[in-house]
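Taking it in order: structure first as structure tokens, then the write-up.
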Amino acid sequence: MNVVLITIITLGALGAVAAIILYFVAQKFKVFEDPRIDQVEEVLPAANCGGCGFPGCRAFAEAMVKADDISTMNCPVGGAEVMAKAAAVLGKEVEAAAPKLAVVKCNGTCENRPRLTTYDGASTCAIAASLYGGETGCSYGCYGLGDCVEACTFDAIYMDEETGLPVVDEEKCVACGACVSACPKNIIELRKQGPKGRRVFVSCVNKDKGAVARKVCSAACIGCKKCEKECPFGAITVVNNLAYIDDSKCKLCRKCVVVCPTNAIHEVNFPPRKPKPAIESTEKKSAE
Amino acid sequence: MNQWKNFSKGFFKENAVFTLLLGMCPTLGVTSSAINGLGMGLATTFVLVMSNLVVALIKDFIPDKVRIPSFIVVIATFVTIVEMIMQAYLPSLFDALGLFIPLIVVNCVVLGRAEAFASKNSPVSSIIDGLGMGLGFAMALTILGSVRELLGSGKLFGNVIYPDQYGMLVFVLAPGAFIALGYLIAFINRVKEKA
Amino acid sequence: MLKTFSLGGVHPAENKLSAGQKIEVLPVPEQVSVPIAQHIGAPSEPLVKKGDTVKVGQLIAKSAGFVSANIHSPVSGIVQKIDDVLDASGYKRKAIIIKTEGDEWDESIDRSPALNKTIVASPEEIVKKVGAAGIVGLGGATFPAHVKLSVPPGKKCDVLILNGVECEPYLTSDHQLMMEKGEEIMVGTQILMKGLGVDRAIIGIENNKKDAIEHLTNLAKDYSGIEIQPLKVQYPQGGEKQLIDACIGRQIPSGKLPIEVGAVVQNVGTTFAVYEAVQKNKPLFERVVTVTGKSVSKPSNFLTRVGTPISTLIEAAGGLPEGTGKVIGGGPMMGKALSSIEVPVTKGSSGVLVVPEAESKRSEVQNCIRCSKCVSACPMGLSPYLLMTLSNKAMWDRAEEGKIMDCIECGSCSFTCPSSRPLLDYIRFGKGKVGQIIRGRNK
Amino acid sequence: MAKTESTLKNMVLTLLVITVIAGASLGFVYKLTKEPIALAKLNKQQTAIKEVVPGFNNNPGEEVLELTSKEGFNIKVFPARKDGELIGVAIETMTNTGFGGDVKIMVGLKPDGTIINYQVLEHKETPGLGTKMDVWFKTDKGHQSVLGKHPEKNNLTVSKDGGEVDAITAATISSRAFLKAVRVAYDTYTENSGKIASAQNSQPTAEGGVQ
Amino acid sequence: MNTLTVSPSPHVHGGDSVKKNMYGVVIALLPALAASLYYFGIGALVVTLTSVVSCVLFEWLIQKYLLRVPTTVSDGSAILTGLLLAFNMPTYLPIWIIIIGSLVAIGIGKMSFGGLGNNPFNPALVGRVFLLISFPVQMTLWPKPFESRFSYFNLTPDILDATTGATPLAAMKEGIANGETVSQIMDKLPSFNEMFFGLMGGSAGEVAAGMLLIGLVYLLLKKIITWHIPVSVIGSIFIFTGILHVVDPLVYASPVFHILTGGVMLGAIFMATDYVSSPMSNKGMILYGVGIGVITVLIRVFGSYPEGVSFAILIMNGFVPLIDRYIKPKRFGESVKPLKA
Amino acid sequence: MSYILIVISAIFVNNIVLSQFLGICPFLGVSKKISTGVGMTGAVTFVMVIATIVTYLVQKLVLDPFGLAYLQTISFILVIAALVQLVEIILKKVSPPLYQALGVFLPLITTNCTILGVAIMTIQKDLNLVEAVVFSASTAVGFGLALITFAGIREQLELVDVPKGMRGTPIALIVAGLLALAFMGFAGLV
């Protein structure tokens, strides 16, 4: 017989048999998996950072497909853009979340906060914090051992050798919040990036009474309530001897900055202003 | 998509060997010399281009459930063609590559491209993609082959560079293949990071 | 061969500098600061307020739950304030601050030194009295003693083990107490035996206290059911689980309490306090504290009121030496480094160790060389090197699998590690995390 | 883009069509390359034989004798004739005592058994060591060469075993295997020399032709 | 007052250090080194010096310029790797090969993984096996004791011929392959007594079993290693070859022969015990040791290499993570006897 | 060849991954965790044995009688592809956790060289059916041995700080190389 013919017949038969078997087995063992999971996963950045609160991008995709409302979900890496794409895939709406940024709320530099003891244990903030209140009198402030730096997968946070405090690189930070949960002292907060990166915030977490706080750190918030009174928009509240600026109410008027007696309120990325050049230096530092 | 980008991605950014880690078996198996690497790379390129083309042409007619079998048949056809042609006209290379020729069928690069690219793109893009990927693959194999040949037997494409008693035999053998590729990838990662 | 526990263990230099120093009664301090959390369990609830006048031994804070303990005033005087003060760890904790005026004791306390051998109290009364007196474990764990005496239904205790091991280097307070108050401890033992309803008690003592072993062996002849068990000098012989293993060869299963194997362990100091509480009606407000250290000019054992600032004790032992790098509350293996010497003595303070600067810094941490010495040293048979890494990498499920919760925090692993790795630091932290996870799961 | 659905008909049809086309093209290429492949194979054999027994003008492949040696190896003997006269035999011989297992060589013997030349066909020896056998025993250096030697008249074992051949440096095992294979060839040849001479007129075996 | 230091407990340390352990092993190797110098002379000196110096140098260079981490050459582990690598090489090895071996041992075997403590495989053996496979000719050129003392730089083919010979194991393997019986072969080999003191061909440091045993005693006394690995390796080789020997004494050499020759002593005492690449639990160590023993015998008796300790250790190194994962140390309270009330 | 020799050869001496260079992609891909390595080994063993039997029959019953040896590659791969897809479909239903664990690698078993390689080698070595089954099963065991050992080492490396440039693939390849180096010791065992 013709070689070509035999070849054709053999292969054709093999192919047909394979197809038939496949068909029947596929019928019998059908499993439904939402194909949108794959589609959503495709638009996610595949960083698997866990910043969304799910173990990996695929899990997040699954959750999004299942959820009725995805407006509370956010992929910190991809940001609004990716969420919009994912929403498009799912035919759902998302509001563009205001871009956020990690902010370090401690200004206990070596000058501001003299050291009383020396820590000599495992060098992580978490362990130091589980052992004792820190090398200075302020048991709220930063330990400077860099758990936050370690936690950031985007290299967006580093230790300033001079101040011993972490600094967030505004360019790199994607507001995944890894550092926020890494910090045992709750010093880092995700705050609105603000127009042109302008922000006003209280750079202190000390809840001690004014006199006590001031004694251990010259840059501490002493809960004097001057800012609270000054703020025309009611954005500032003082609870437990500590002022907090609500970034959804703050209009960046910077009046509070001026009245703070300890310079605990920081403004960043504003054009320099004339009357109070003294603050400038600290602002610069944290802005860098 | 920009066709130049489409073509060039296979060399560096999405190089099958150095970054995607696909098609590792021929990569390690046949690269004991540069010429084997090159031969294998070109054979793969041929299969890749042709199968990409055919897959792109027929993609719309294939039901999902038989997608993979269909693609594989296409690929296997070209592999068998390569096999027969090589056997006829390049018998010594055929002997050197041995089992790895039929194994082009299962080279993850080939099926991977068919699945990931050709089944979604136009025939022209698919050819270009196949060519880029294939040549990138060939390049990687040739580089690895050269390194192994040079370190292992002091030759480059068969030309003596230094006396072979100074060669480290291990690079011709299995362990050397892994180790050489390991450091090559580390090196390339480093270059990439700097770039 | 002397008896000892079956796994691991290390032998740190003993350095019992204050051994043989008679217990000195420290003068009543001018002011005391009495923390309301001096024990394991719920902090007590203060019963006094600013301006109140109190007497020595008067109840000033009452137990706030089953596992909690009463607190009695260690001095007589006026309550200055109840406020957050810095505790040994540099965190703020609530404490009652009393300004001393005179030394007026509560009338119900029998202050005569005479030995009272006759035990009139019934077992129930014993447990009640121990509870009322606010007695907690003086071996360091400060677990309320009356809880241990209340054997849970369904369990049976057949032996009482007294912990006179004092395996911590430097410390000598239990040793000295056994030498000076041996009779009282014997009676205390009888009381505990009666309270628990057992007829056998074993006092475990490390063989480096030969005089105490001899002394107590002689005394025990007059009391039925009390045996003295000399033990090999090996740390952590005094660990409860290790002690039970060494004395009666029973091992407490993972996550279980001593009662599981029919034993209750009390420290000898606790036993003395039980004697005082039951026979003399004296609540726990003072204890023996060793003040020691190579640079200390007069290593001593002091009988000290709770609430006395540590600085006062150091002063009494010759003052804080030049070049002190570290002050430790407790022994060198398990004690806590103090961030300030103004913190008060509590019920759990067994010693104050002053360490010169040269010895107070740890060596540089190196990579784990997998020498497995920590594994051999661990008395609980754990893999400290692995637990540390798992803790560092936050792999809690594997840490739990590795029985991180079994760690008794003895520090043998960190002590041995040739790479000076802070094993226990990480393991302790990991225990906290895993504990949280387990509690969360059980909820 | 409208994908074809996965119904039975479509699936079978698609695969059928694809395989049929594949089959057709393969059959076609097969037909095209059949000759060259056969030729390449034949060439390889001819060249090999030519190298070890030069000067014949018959087609030894057609006269091949398939024999089994004492040791149970399959040995092929290709008689080489010039104008019908037996000028030598090319013997495909082997042993299994190489460093990496089987060693297959083709050795050319004069009718009296003197070694003309050899060629290494297949082995799994270590590159740089055992592999050197492909030239080692032809190289005229020291006592390496076996060319012109006679397996009976010369003691063709390695010097370590009291023979007169220098083993490949640090590859005595491979050397022994090589020499053993030569010996197997010679023994099989002498045992069957009658058959070989008479094979002249016998029909070419099926194996002799192209496969 | 200066500031108080605060740290978690424990506040004292036993004083053990990486350095103490590493230099302890170096000291334990000195008797064998002395024997090696005595038997093999200049060659042993050159090989040892080159290996140690280049290992230390490579470690330093890699840490300083490639990884840019603090250098730790003073911890002694590189010296040890160099020393053990030298002990595993024949003393006629050319300097350039030794340098390649050191580079492989330190560069591939150790620093690629991040240095001390991280490497899954024994660096010195990685170097040795790499060389063995790359340069089998040079790596199997065995100088004879005493006769090779003054040759290294003046090696001519004549001297080479006169001063090299097979190791007992290689001779045994060849002999068996040639159909000789064990006792015939043994007659041509040194006596067990001579072997014990190292009077035979072999790698620089592996020959003198007696000297290596002195090292073992030192290591055990100093508590640098425990008995588990050496005993299980040597014991399992002894038992396994013993069984074979009893089954057929004509083809299987006696167990004493097996434990005295080749790298058994060196391997069992100094290389299998490498902390980094051996298991952590006692049970694990015994399993690991028995594995090494069995594989060694398999390779020696049935495989193509006359000598199998290096490969056996490397193979078992590969299994160490699995052993550690599934064989845990005995835990306290694990095997509780039920309490009778 | 006796069965013992086939087994030892396939597992140790000619280990499919470490000396034959087949199945490297899954070897590198699914070896990050011991548990997935175990799952993959199971899947490969299963597919490999069945595939070898089926392809063996195809060869002996279809290709050889019709003189179609040159269709070996294409018909084998077709059979294997269909087979793997079957396994995938069934697994998805029967054991979702295993399916999840093997993830993308299940379809890639199709393109796992070991399966086709073993099928072809079986024919090349001219084994009989029983030998073929033994050969394929022990090859799969060899694959599993290499894979699981390798996964063990990689899991351990997760716990140490490998230099940045070497992390991930490079160090995995080095480990594979050293493992192959060690396995060379088995040379000549059969």
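What to note about this one:
When the chains are written out, they are named A, B, C, D, E and F in that same order, and each has its own residue count from 1.
Just so we're on the same page, a contact is a pair of C-beta atoms (placed from the backbone, for glycine too) under 8 Å apart; a residue touches a chain by one contact, two chains touch by 3 or more.
Bear in mind the structure is a predicted one, so any value in this text is a computation, not a measurement.
Touching chain A and chain E at once are the following chains: B, C, D, F.
The chain with its Cα centre farthest from the Cα centre of chain D is C. With centres set at the average Cα position, the gap from chain A to chain C is 43 Å. Note on chain placement: the centre of chain E and the centre of chain F lie 33 Å apart, centres being C-alpha means.
Chain geometry summary: the mean Cα position of chain A and that of chain D are 71 Å apart.
Centres computed as Cα averages put chain C at a distance of 60 Å from chain F. Contacts with at least two other chains are made by residues 6-7, 10-11, 14-15, 18-19, 22-23, 26, 116-117, 120-122, 127, 131-132 of chain A.
Among all residues of chain C, those that touch two or more other chains are 90, 339-340, 360-362, 367-368, 386, 422, 425, 428.
Each of residues 6, 11, 14-15, 18-19, 22, 26, 30, 99, 126, 128-129 in chain D touches at least two other chains.
If you check the complex, the residues on chain D that touch chain B are 1-7, 10-11, 14-15, 18-19, 22, 25-26, 29-30, 33, 36-37, 39-41, 43-44, 126-129. Contact residues on chain B toward chain E in their complex (touch as defined above): 165-171, 173, 175, 179. Note for the complex: chain D touches chain F at residues 19, 22, 26, 30, 99-100.
Residues of chain A that touch chain C in their complex: 116-117, 120-122, 124, 126-127, 130-134, 139. Across the complex, chain C is touched by residues 1-2, 4-14, 16-18, 20-21, 72, 75, 77, 114-118, 226, 275-282, 324, 328-337, 339, 341 of chain E.
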